[in-house]
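Take this structure, written in structure tokens, and hold onto it; I'll ask about it next.
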Amino acid sequence: MSVLLQTSDLTCVKDDRVLFEDLNLSLTAGQMLLVEGKNGSGKTSLLRILTGLNLPESGDVLWQGEPISEVGPEYYEQVNYVGHHDGIKRDLTCLENLRLVQAMGKPLPIDLDDALDKVNLYRFGDNFVATLSAGQKRRLAMARLVVTEARLWIMDEPFTSLDKASMAMFQQMFEQHLNDGGLIVMTSHHDIEMPDSDVVRLNLSE
Amino acid sequence: MFKWFVKWFHRFGSPPYFYRLAGLWLPWLTGLFTILVVAGLYGGLVLAPTDYQQGESYRIIFVHVPAAWMSMFIYMVMASCGIIILVWRMKLAEVVLSCAAPIGASFTFLALVTGSLWGKPMWGTYWVWDARLTSELILLFLYLGIMGLYGAIDDKRVAGRAVAILAIVGMVNIPIIHYSVEWWNSLHQGPTVTKFDKPSIVWSMLWPLLTMALAFKVYFVISLFQRVRAELLHRERNTRWVEELVKS
Amino acid sequence: MSLSEFFNMGGYAVFVWSSYALTLVLLVLNWFLPYQQHKQNLRKLKRQFRQDNRNNDSRT
Amino acid sequence: MKRLSLSQAFWFLLRRDLLLALRNRSELANPLLFFVLVITLFPLAVGAEPNLLSRIAPGIIWVAALLASMLSLDGIFRSDFEDGTLEQMLLSAHPVPILVLAKVTAHWLVTGLPLLLVAPLLAMMLGLDEDAYGILLLTILLGTPVLSLIGSIGVALTIGLRKGGIILSLLVLPLYVPVLIFSSSAIDVAASGLPATAQLSMMMAFLFLSLSLSPVATAAALKMSMS
């Protein structure tokens, strides 16, 4: 299978400290990259470099063999990112939030109600986000992943403030995504139990 | 030819190369500056004839006008660095941009103060809202803004890119600001201030002026190199070339 | 032209000479401060590397 | 595959920001209040002599409008920056400058346009010549969007800073100078019964220039601030 996401000689420096140097990765469809490492080892930086939000000191991130800075919109159509911040507005309802996510120019596979249903938030659709609990907010942020059809999911600690049941639910969702030919890059302090999936581990502390 | 240029550009942009080169050039530049400034001052203060309208006070021109020219010139240098930073992400350009700002601010300040010192005998007050003084004052604010922004951002790589954007935005705005102020001035004041505009300037006054302008440019390069060397040493303190340099 | 005449600048001495004095001050400052800074940086780094060497020596 | 177009994205974003502003109604009135307050201070400071006031009215109104606009600038991106929606916007497949333009437009509709409503009232209180009312409104209509557009660059550059406030004004105020000059002069000229076409066409030029250039600079600055 052809390689979709690749990094070539990626080096990241933050505050004069080299976080990682000459990192070469490649990910094919259906693969998941689990980034591990101590606090401050550069996990978040790596993820943000992959999204193009941060710039590496040197090296390139390649999508289908081309640097993402040159691919531009065609890459962003394929990327969904869930970072430390939920990226949802407190003063909007769940549905209004998701509608805005869809407006960002990525392909749309499913209906908003279905997406809410998938993350068990259907009945909160018209509630303001401010009234939701931290876990529910996180679930809404994760619903962003499915309202548009992006192949590459990049997630920074997606399981924070989620309970066991939700975690299992999302892992199932991830497996489904991988089976459909998607890619996942994520960091997590929690144990991942996805035995049927092709999981590549990268430890930045070593 | 182009290939050669690109190669040279990259080599010139590498910190250790530039550091060494600047160190080699500094004594020569200092010598050149000394010659130019002595010649310029002698020509301006001694040889140039007394102005029949302004008497001796016009001799301020030999520092005022070159300083005002420098204030524009340095901003242009900074904006060019800004473009280089955004297009090629060259680290040296970030350092040059940030180091040029305080020098530019000094020259702008100098142009303002000498301008008002000239204004006192000419207009009878230290400050008039003359078009040139006003746009020079705004230019000073632009410089201070760049210095302030650079100082406020902790991550110097990010700060470098931020001031690059700001310098370019400023560059687009400077002509607009300048012409607005000029137009505003002509609206509110008569053409009383055109005393500065000499229709033609005699050669014996012109050559010291140009020599001083050149001396200031050389001085800018000296001061810039000095600053850039200090900053490079600080920024690259963890790299091998600095280690080798310090150990030797 | 006598020397005192030259310094008098036709009665504009205060303005002319203070302009030139300020120029001198700014030029000297803009040269001296970076020079000082550079020397200080160099000194700081030298000390730092000497410290590193000592640590290495004592370890071996 | 179906996806929403760029113009739809623009309207969505614009509508979202207006909706959010509407839901925080208390903040909506702040720039307006500030505008009125500053203008009230002037007669108290320079004296209530009608001739003097009517002569300096254009300047006062515009300085106040400028300060009010600057004070509200921080709101363009602040909450989006804090809750991570700005990050998502930068990852959009649409050109970011257009999205920035949507946000700035929303911000202007909320903070710049209301000035239009109270300006005649304040002009009346300052005794501005009645012939100049139309031009006053026109300058506000043309000038305040330029302030928002230029200001957005400054905000984007300083959004990541904890103490960005004073630096923001240092960055933005010099760039506001042309707008200030031409708008107050347009009113001045109109008050003395002359046509202000030249000034107004200059302001139109500023508006188009900043409409086309500043979103690009803002987008670049936002990208820089996020890293």
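Odds and ends about this structure:
Which chain is which? They are A, B, C and D, in the order written, and residues in each are numbered from 1.
By definition in this document, a residue touches a chain if its C-beta (ideal position, glycine included) is under 8 Å from a C-beta of that chain, and two chains touch if they have at least 3 such contacts.
The structure displayed is predicted, hence computed values, not measured ones.
With centres computed as the average of Cα coordinates, no chain lies farther from chain B than A.
Interface comparison, A-B versus B-D: the higher number of contacting C-beta pairs is recorded for B-D. We define each chain's centre as the mean of its Cα atoms; on that basis chain A and chain C are separated by 53 Å.
Centre-to-centre separation of chain A and chain B, using mean CA positions: 47 Å.
Once the centre of each chain is set as its mean CA position, chain B and chain D turn out to be 32 Å apart.
Between the CA-based centres of chain A and chain D the separation comes to 36 Å, rounded to the whole angstrom. Residue positions 237 of chain B are each in touch with at least two other chains.
In chain D, the positions touching at least two other chains are 227. For chain A, the set of residues touching two or more other chains reads 55. Shown are all chain pairs that touch, namely A-B, A-D, B-C, B-D. The touching residues of chain A, when paired with chain B in their complex, are 14-16, 55.
By the touch rule above, chain A contacts chain D in their complex via residues 48, 51-55, 73-74, 76-77, 79, 81, 83-92, 96, 99-109, 144, 149.
Chain D makes touch with chain A in their complex at residues 1-4, 6, 8-9, 12-13, 16, 19-20, 23-24, 79, 82-85, 87-95, 223, 226-227. Interface residues of chain B, counted against chain A in their complex, comprise 89, 155, 237-238.
Listed in rising order, the residues of chain C touching chain B in the complex are 1, 6, 9-12, 15-16, 18-20, 22-23, 26-27, 29-31, 34-35, 37-38, 41-42, 45-46, 48-49.
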